[in-house]
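Take a look at the structure set out below.
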Amino acid sequence: MSELILETKNLTKEFKGFTAVDQVNLQVERGHIHALLGPNGAGKTTCFNLLTKFLEPTRGTIVFNGVDITREKSAEIARRGVIRSFQISAVFPHLTVLENVRIGLQRFTGTSFHFWKGLTGLKQLDARVLALLELVDLRDAAHLKAGDLPYGRKRALEIATTMAMEPTLMLLDEPTQGMGHEDVDRITELIKRVAEGRTVLMVEHNMKVVSRIADRITVLARGAVLAEGDYATVSKHPAVLEAYMGSEAAELQGAH
Amino acid sequence: MSEVALQITDLHAWYGESHILHGLNLSVKKGQVLTLLGRNGAGRTTTLRAIMGLTGRRKGSIRVHGEETIGMATHHIAHLGLGYCPEERGIFASLTTEENLRLPPPLKNRRSTPMSEADIYAMFPNLAERKHSPGTRLSGGEQQMLAVARILRTGADILLLDEISEGLAPVIVQALARMITALKARGFTIIMVEQNFRFAAPLADHFIVVEHGEVVESFPAAELPAKQAVLDVLLSV
Amino acid sequence: MTELFGIPLPALLGQLLLGLVNGSFYAMLSLGLAVIFGMLGIINFAHGALYMMGAFLAWMGLEYLGLNYWVMLLLAPLVVGVLGILIERLLLQWLYKLDHIYGLLLTFGITLVMEGVFRSFYGVSGQQYSVPEALQGATNLGFMVLPNYRAWVVVASITVCLGVWALIEKTSLGATLRAGTENPKLVQAFGINVPRMITLTYAGGVALAAFAGVLAAPILQVSALMGSNLIIVVFAVVVIGGMGSILGSVITGLGLGVIEGLTKVVYPEASSTVVFVVMAIVLLLRPAGLFGKEK
Amino acid sequence: MNNKNPLLGYGALFLAIACLPALGVYPIFVMKVLCFALFACAFNLLIGFTGLLSFGHAAFLGTAAYATGHALKVWGLPTPLGLLFGALAAGGVGLVFGLLAIRRVGIYFSMITLALSQMLYFVFLQAPFTGGEDGLQSVPRGSFLGLDLSSDLTLYYVVLAIFIGAFWLIYRTVHSPFGQVLTSIRENEARATSLGYDTDKFKLLAFVLSATLAGLAGATKTLVLGFATLTDALWTTSGAVILMTLVGGMGTLVGPMVGALIIIALENKIGDLGKALADLTGVAWFNGLGESVSLVTGLIFIVCVLAFRRGVVGEAHALWLRLRKP
Amino acid sequence: QVSGDVVKIGFITDMSSVYADIDGAGGVEAIKMAIADMKSMAAGKKIEFIFADHQNKADVAASKAREWIDTQGLDLLIGGTNSGANLAMATVAAEKKRPFISIGAGSSALTNDKCTPYTVHYAYDTVALANGTGAAVTKGGGKSWFFLQADYAFGQALQADTAKVVAASGGKVVGTVKHPLNASDFSSFLLQAQGSGAQILGLANAGGDTINAIKAANEFGVTKTMKLAGLLMFINDIHSLGLKTTEGMYLTDSWYWNQSPEARAWSRRFFEKMKRMPSSLQAADYSAVTHYLNAVNALKTDDADKVLAKMKDTPINDFYTKGKIRKEDGRGVHDMFLLQVKSQKESVEPWDYFKVVTRIPGEEAFTKLADSKCPLVKH
């Protein structure tokens, strides 16, 4: 089973009697781009929050790379190489674009607790940061305040920061949400490119993106797994059509 | 029947710094059912929220029964006869089902006969059973019913319904459809945001497709078959 | 005789009863704080100063207008409530969008101003207010002699606390308030004037403080600083109880009064610190407080 | 980034402060302002760079004041060691407070620090070594690396040197890798966590640093004034340091210094100001202004919160930027 | 001969907080009267008077004192209330070699283990209060005592001093309960006192604590079974509590406005200005400043050492007291009075509050030189 990089067993989250995630057994294969779909409120973001321990699971276990990480803290999980992005854009608004990405890279220098040191040590990272920014076409904006970027560009920055961490497993929550058409295409390509050699688990409502890059899809509805498989299988699954895609099979055909 | 209940012209709306609606226009006649279609994130929910004055900044014009509401406080807007059922349902966890139901006060400018609690419980027997349990202990479908039921007893005559069929079992969806037909017969004006096309199609008098905060298509129900191809492109999920 | 902690049981019972008297004040004040925090998200530092003002109004009513205790018990909360309306409308309402910290700072400023004003008019050595005629004297309970007035304080405050609790938990007003705390925007979309409700809630919360102040006037010296010493303990009570919980604040208030009372017997030196020690322990075990909800 | 070399500016500022006694300014007053400025800077390190509002910073000032006083007077420790001991003692208390409080944010954090400091206050009130209400009196100044401190002027330059050293450390902290992480935590804690930073540990270190520096301020103050009293640990002192920071400008480096100057000057001179106002306006009430420090302070608090949240320095900076723009 | 060609007197006291009534603005007025009675001239030079509020903060007091001496050429520093503030000022004055007269401080340390050549402790101290109330009450039949003690240095000193005297006078201490400073609620402590069965309840606390304790004692009927003895109380406390609550209480003071015709005459003048009768501290303010200015006039100089020596050589003899300043340690030694609060019936005019029970000779009241730990005293 070493092909599985991430596996959840009966993962459950209850909020005061309301079950947001219900006995989810998720299996993410190494090297896959795995998409998590489902109607609004299906529990996708909650799932992400559980995987990264931003929420404490009510029940169930999370196994990453064969290690049980259910009891670990968020930061520890991140240091294992599980890096997430957020549904509502999460940048450091008063830092520059460059600093935003550098914060991530800085962790690897091991100087993060050094309050007596200057910033010269960090400047060495700038070249790598700029290269990363180039990828998301933010190089020219490197010295702007992140908070001043348009919404779509903030999302791009967030992805750049996530990528900078060289994650083993990348969790992307609606990476293309709020982006224009061109951006969506670019980000889709980008995800596909960076996914080489690592694993991506993403939540995405944009079927175009999903159909283009997802190797495997899990559909959640009301907290529980509704269907699983590749795009072709899932998109024909009657329950999925009912609960998520809408009842018109014709619409799905149109998406291809 | 040709009186305009709600008229929106050149509406812009923002959430903080993000500009969501870019000059949206629409108008609904009294007693009509209007359905807003569009992809996720197109701005349909935002349109409803903007009508209620719940977005950040708003610009343009929104007339409810002829009265301009841009610049009006939310609670005053409501009293013009609006009933809002939000996408996230907005059931209050600290209130019982009954308290949730009784929360909205009767409106000052009542334009429709409010439904009595008995009528409502007759329409949604599930709710009657669960009167005293906390609102969020209800199943998703029951919560949805409660959210709709809640605005029927205030005397509102324009209902803003955001994805009320979302996450519901087909039977309930069918019940909702019957309810909307019934409400229409009572003279309610309804603006629906719908993802579930099969649910919306037979109910609506008029369709509007929203994309990037603008209206890109607007047509009466009669033209629906003709527009099917366009819709497929616009709504390709 | 039966003994506990080396103290005869009747004496201990007496001390418990006295603890309850103090607890009554904690309960009333922390209740007001909890209601205000629940609705406005503001830690009302000025609560102590408004409590002081309640006591002063009682005294001033008698001194200048000849109004007796019972009249002032009604009037003082009203006057302070109106002041609360002014404070909320003129000052606090600009802060809701900002960090909670600014509410704390602003009400801290209000506290300094109010204390400064009373201090500059009346000094600090305090004014004398006597126990109302009807409640003078004491009742022998067998294990202790309980002044009638103290008994009245316990009865009055528990009645008021339960009344407020019932009002909030059991009526539609309460339902509306609770809903307003959960999702103010949606409640406003139902046509309820949430801003006005907030104002009135603040007024109600501070009126409660004033009521406590009037109750305290005959027991304590009425002075400009009487609130500032108390408020910090009440803050600790609120933290221990878990912020925002109405019943929690009442129960914790009464309970801590009793614990403090016991400490006064067993180890009096620690009686002023015991509340903070309890707080530290509670925070270690339950960071959200006894009745607070984990986020 | 706009200022080509901020260090040059600070250098000029400190040079100016060094010249003050020569210009006839009363050195003890300046030293007191410097101590409170350091206290405010330490406090600001926490609020300005982590967003945590401590309402209990007086505990650290007081702890260090007593620790240093006791070390110098009773143990007869050399002065530099005494100061160090005070700062470390405050840091130790900071660690304990931090462990208890850091898990909560916002208003909860403020109230918990307030309550903890109040607890410590009662301990100081009763502990034998503090001298209770009388305070710890006649703490000897001793000598600092061979310099005899009994002269006010010598002490002045030692205090200034301590201040500059501490200020440099704060400046360094803000512009360090650690400072970068702190900033990111303040801006978006969830994101910082998701990048693998144990945010609680960073906040705790910032808290301990702030406590230690506040302690250094308290220790120095004891040295300058020769005593430590309960006022140092009282919650109103915590309030005063917040006010200083607020008035001067939260999150700016110079703001707290300016704020400390304004507030201390106000406390000292408000009586004179009142008398002047009374003479000027003929309103006798102003004569009593000296006794109404708290009233005036309260008004400043309200005005600052409502209208000048950026403080003197912050507003001035904003104005300067606006003037430069067109 | 006179430094800066002006005799400058500074007064630092609590003007805005808990002790503002017993000295404060009234003290300022008393000193102004003393200066006015000298026609504002001493040794042929003008007398200037400045005052400040220390807000009960020792650091404020000391900084102010230091600043005045450094920048204003202060010649005499008068310390009002608050022992901590006074101890701090004494240190500064000694360092700067200026005369310092402490009026309102209770701490006997000022002229005992913390004495300096420049400190004069003028009006009273806790030892004198303890000797007064403790000895006189015990001898008068109050044999068993229970103490209510503020739990900090001052309360401890007051309790310990009194307990010693009680024991020495043949009484016994059956219990002590410590309460925190500013404990607003005393009921619990009083219940314990009541349970002790003692005859006398000694209040080893001050200010608001004493007042709240007395109120609660009345409420709980403690006054029916025990007699209260305020170990540190002033006429202003009685005034604010009223005779009904305080009737029959014992307390010791250095002076009472109605004790002699001279005292009455001066007090009437004071009353004109302040609309209230002076406390012993305010009278002592007047007396001390006058005593100092007389010395300056006699010597025609304001040289600190010479004036201090002269003040210690000259007996004090005015409406306030007849006594002296002890050469060795600067302790003002004069008679003290054990007073008892009159009942409402006995009181014939406003502010007529006390009966003088006993006069305690100064030599008995204050610390004897033989017992002094002052390093300046040669044993």
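To keep things simple, chains are lettered A, B, C, D and E as they appear, and every chain counts its residues starting from 1.
Assume contacts are C-beta pairs under 8 Å (C-beta built on N, C-alpha and C of every residue); 3 or more make two chains touch, one makes a residue touch a chain.
Since the structure is predicted, the reported quantities are computational estimates derived from the model, not experimental observations.
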item	value
Neighbouring chains common to chain C and chain E, by label	D
Most widely separated chain from chain E, with each centre as the mean of CA atoms	B
Chain pair with more C-beta contacts, A-B versus A-D	A-D
Chain whose mean Cα position lies farthest from chain C	A
Centre distance in Å when chain A and chain E are each reduced to the mean of their C-alpha atoms	75
Separation of mean Cα positions, chain B and chain A [Å, integer]	32
Centroid spacing, where centroids are CA-atom means, of chain B and chain E in whole angstrom	79
Chain B and chain C, separation of their C-alpha mean positions in angstrom	44
Of all residues in chain B, the ones touching two or more other chains	93
Multi-chain contact sites of chain A, meaning residues that touch two or more partners	none
Residue numbers of chain E (touch at least two other chains)	16, 20, 151, 180-181
Interchain contacts (touch definition) - all pairs	A-B, A-D, B-C, C-D, C-E, D-E
Residues of chain E that touch chain C when the two form their complex	16-18, 20-21, 151, 177-185, 187-189, 191-192, 195, 207-208, 211-212, 215-216, 219-221, 236-237, 240-242, 245
Touching residues (chain side chain C, partner chain B) in the complex	172, 175-176, 178-179, 181-183, 185-195
Residue numbers on chain C that touch chain E, as the complex places them	11, 14-15, 18-19, 21-22, 119, 123-128, 131, 138, 144-145, 147, 149-150, 219-221, 223, 225-226, 229-230, 261, 264-265, 268-269, 271-272
In the complex, chain C residues that touch chain D	43, 91, 94-95, 98-102, 104-106, 108-117, 119-120, 232, 235-236, 238-239, 243, 269, 272-273, 276-277, 279-280, 283-284, 287
Residue numbers on chain B that touch chain A, as the complex places them	17-18, 40-41, 87-88, 93, 134, 136-137, 140, 163, 166-167, 170, 195-198, 232-233, 235-237
